[in-house]
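You will see chain A twice below: alongside chain B first, and alongside chain C after that.
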Partner chain A sequence: MSNFDLDTTAVRKLNQYLHQTPADKVVVDKPGGRHSIAVGLDASVDITINGHVGYYCGGMNKLATIRIHGNAGPGVAENMMSGTMDISGSASQYAGASAHGGTLIIRGDASSRCGISMKGVDIIVAGSVGHMSAFMAQTGNLVICGDAGDHLGDSLYEAVIYIRGSVGELGADCIEKEMTAEHVQKLAALLHTAGLDHVLTDFRRYGSARKLYHFDIDHADEY
Partner chain B sequence: MCGIVGIYLKNKDIQSSLGTCLASMLVQMSDRGPDSAGVAIYRDPLTEDEIKLSLFAEGSMDWQALGLELEQCTGSEVLFEPRASHALFTVADNGFDVSTWIRANHPALRIMSAGKSIEIYKEKGPPGEFVSQFDLQQFSGSHALGHTRMATESAVTTEHSHPFSTGLDLCLVHNGSLSNHNHLRRKLRNCGVNIQTDNDSEVAAGYVMWRMREGDSLEQALERALGDLDGFYTLAVGTANGFAVLRDPIACKPAIMAETEDWVAMASEFRAIAQLEGVENARVWEPAPATVYAWGGQ
Partner chain C sequence: MIDKRALKESATFPANVLAEIHRAADQGIYDIRGFGAKREVPCFDDLLFLGASMSRYPLEGYREKCATNVTLGTRFASKPIELDIPITIAGMSFGSLGANAKESLGLAATMMGTSTTTGDGGMTSEERESSKTLVYQVLPSRYGLNPDDLRRADALEVVVGQGAKPGGGGMLLGQKITERVAGMRDLPEGIDQRSACRHPDWTGPDDLKIKIQELREITDYEKPIYVKIGATRVTYDVTLAVKSGADVVVVDGMQGGTAATQDVFIEHVGIPTLPAVRLAVDALKELDMHREVQLIISGGIRNGADAAKALAMGADAVSIGSAAMVALGCNRNAWVEDYEKIGTLPGYCHHCHTGACPVGVATQTPELEARLRPQQGALWLRNYLSTMVLEMQTLARACGKSHVLNLEPEDLVAMTIEAAAMARLPLAGTNWIPGSN
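For the complex of A and B:
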């Protein structure tokens, strides 16, 4: 196990260590809201960060497990490819933006644009999400155990949204859809991954109505 | 991009630490705004017979001669305290309009702030240099706002730096950009609001002052700003007794707040707040879009 205190060690030094070490348990103390902690990882490292982090923590993560005991700043898990990120507190804007894979768990709230342009990640938010969440989300699942702000799922492609609480004004082309047995099963698995226990029938599913311009076969030649 | 910080000390016993808190928060926001820095400090409130003015002079200035002139005009003693390119003047508030007199007789001087407790100091250059030039750590007081600037829409000069004050004891710092500031500036000037530069944020400061002059409370003025200010903003507004925070409805400009038994703080990023004593036990949250947060009354 390795320990890093970011009051005395530069973030760059931590990241270089993480990039060069195939597997280790790493504990990071005093993150102090610093930017780009544990970004660009490509190994199954197990990282625990004790405190609040700034911009882009865990960005582009591949394989690693990153636990944050605190809040995360904007762009946490941005473009994550695989692995797991688990945030005990809340996440700022665009958590999990354009993430391709892996699991992002936010145990507090996520603010605006959570899962914007997500491309395969599973995001599970124990609290609520802000406005414009899942904007242009392409694939993957967004589970919201609390409420969603306005314009949820605007211009959605094939990502699936499960929500337990209230939804503000829906985004363009986002509609409520039937919870089939397959969806209930998927939701149960996602909640289980995060260790959350909710009544499955309290959730509703939202997805794309596929009515926007680019879904129309007559426009296929335009691209 | 810019950086904003604000701190309000709920515990009066720690007022001597205001300057060190503010300085460390400001320096943390250097990356967000390396071209200029500024602060508004609220301290040592005066009685109703006196008023203080923060003045700025480009180049050398004989502050003593100005003090003597003001003593003749007001018929009372004038105190002044030079601080880098600025000087803080304390003069009698006895009906003689010092601000108008200064503008007429010393047009090269800039009045950065006027009021019972506000003092504004700002300068172009890196925030770290600003902190030492103005000996920021030495200040005590009740609350303060700070700003680090990365200019996007108007020149890098001391006058274009934040905080902006357009009314007594009132000031504003802004991260973002306003798109209807030319229109609003014309409108506000027609209403008699004194706006000194072509900077968009100064218009927001003038707007809040105008609304409060028309009878709005600070919270009402900010609620109305949501309808009238077009653009991106995280704003912090300081008054004689406290400060308020507002983000536009889209809220793409970051903001974070924290509160303990001793203080309330806001900043563009948590790393500024991470400098404060007792932060481990603070309640930390992100202010919601289009929502007014205010501390300390008006």
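For the complex of A and C:
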């Protein structure tokens, strides 16, 4: 195991260490809201961060498991490829932006644009998400156990949204869809991954109406 | 019998305006097309070199050395880019261009010792293998973006905007979204794809500074980081790019090309390349960063004279996109029937958006793509780049310069009042710079 205290060690040193041959377990103390902590990992290392992190924690992560005991700043897990990020607190804007894979668990709330442009990641939010979440989301799953702000799923492609609470005004081309047995099964697996226990029938599914997939004068008001 | 001399076309409603109104009435949606602005704008043709005379000695052509090399990314990156020539190949996506075209660009750039650039669709193995020096774009869409490609790139380019459409995102119409293109972009096949116009995880210069820091952390501070902007509020944008930590700033004027954008956007947004160079250089000088942060200029660069004039005005390099495509055969007078099928003729084609490129450059259709063999394309582009370099050296030697980067504003005058005002150069035969004093 390796320990880093970011009050006395620069983030650069930590990332440099993590890019070489890190120990199986790494503990980071006193992150103090610093930016770009544990970015660009490419190893199945287990990282625990004790405290709040700034922008882009775990950005472009591959393989690593990163646990944050605190809140996360904007763009946590941005463009993640694989691995797991688990945040005990809440996440700021653009959590999981354009993430291609892996699992992002937010145990508090997520701010606006959670899952924006997501490309295959699974995001599970125990609380609520802000406005414009899953904006232009391409593939992957976004599970929201609380409520969603306005314009959920605006300009959505093939990503799937599961939500338990209320939804504000829906975004352009986002519609409620049937919860098939297959979707219930998928939702159950996602909740299980995050260790969350909810009544599955409380969730509804949202997806793309696919009306904006081709330029069409009859949909001009949506553009 | 109609007397044609008595027919008077309206200056307000000439034939092409009438045709556009009729088209809009038929279709009810804006015209989407490729290529760059077609309107006439003040440009490098409006400038002249003064050449050497009594007060300056010219260099002997072919005998005295005139160097062309340039180093990009000297500010923060531990591995700056060394190029043999100050002409780079601009970002064009695999998707908008076929794989053969991308490979041609890479092969030619490598032969000439310069760089090529990915585009809004990620990096293909063909272009990585064919390009000795490859710049990897980080775009708002983030299509295909991944840390492995980030690390195997030689430099990164954060794209804020593009000259053809500053403030707009990319488009790729369904006919070009083949299985491979869709797979690289994580999109359904055959849809009309609209790329985002804003980055998903940052807004504004304060965020960009942190974003650039993250990219440096991921790549261990090795790669030069460029910031590309479409020419609009150039003074502010260049200043903010430098403040955000860019190693290189790329400024793309409104003549810059696109694969598919609304015609109204191409023709009516952004400023020409000529004033953009002046504003960018002034902004860098104001910050005492001229030559510290390198400046690449693009948007309608067509020959060695354009490139030499951009350098004389203070750019460190130029970048070509449309011109490189033309070298590969774009608008070449061949397969005329295929041009006609898409409603155009050689010389007028801007139909990159259709995917039915008659010369096999901007297409994903295998039969059309086969018309451009990568080795042939590379040879054409290499020859064209060589010509540009020889032209630049000819002009630089005539001005007495042993390196093309030694060209200076003093070597230039303007032929029109507009160009003089925009470039801040004296009108030829006068010492008048409109707008100063």
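Basically, the second predicted complex is superposed on the first by the 211 of 223 C-alpha atoms of A that agree within 3 Å, B and C clash if a C-alpha of one lies under 4 Å from a C-alpha of the other, contacts with A are read in each partner's own complex, and residues count from 1 in each chain.
Methods note: a contact is a pair of C-beta atoms (placed from the backbone, for glycine too) under 8 Å apart; a residue touches a chain by one contact, two chains touch by 3 or more.
Because the structure is predicted, anything quoted here is derived from the model rather than measured.
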item	value
Touched partner set for A:Asn79, first chain B, second chain C, both or neither	second
Partner chain(s) touched by A:Ser112 [first = chain B, second = chain C, both, neither]	first
In the superposition, chain B vs chain C on chain A residues touched	C
Contacts of A:Gln16 with chain B and chain C, given as first, second, both or neither	second
Touching partner for A:Asn71 - first (chain B), second (chain C), both, neither	first
Contacts of A:Ser98 with chain B and chain C, given as first, second, both or neither	second
Which of chain B and chain C A:His131 touches, first, second, both or neither	first
Common interface positions of chain A, toward chain B and toward chain C	35, 54-55, 74, 93
Chain A - residues contacting chain B, complex	32-35, 52, 54-55, 71, 73-74, 89-90, 92-93, 111-112, 130-131
Complex contacts: residues of chain B adjacent to chain A	250-252, 254, 256, 269-274, 284-286, 288-289
Chain A contact footprint on chain C (complex, rising order)	27-29, 32, 141-142, 145-148, 150, 173-174, 185-188, 191-192, 194, 196, 200-202, 207, 210-211, 213-214, 217-221
In the complex with chain C, residue positions of chain A that touch it	11-12, 15-16, 19, 35-36, 39-40, 42, 54-56, 59-60, 62, 74-75, 78-79, 81, 93-94, 97-98, 100, 113, 116-117, 119-120, 135-136, 138-139, 155, 157-158, 212-215, 217, 220
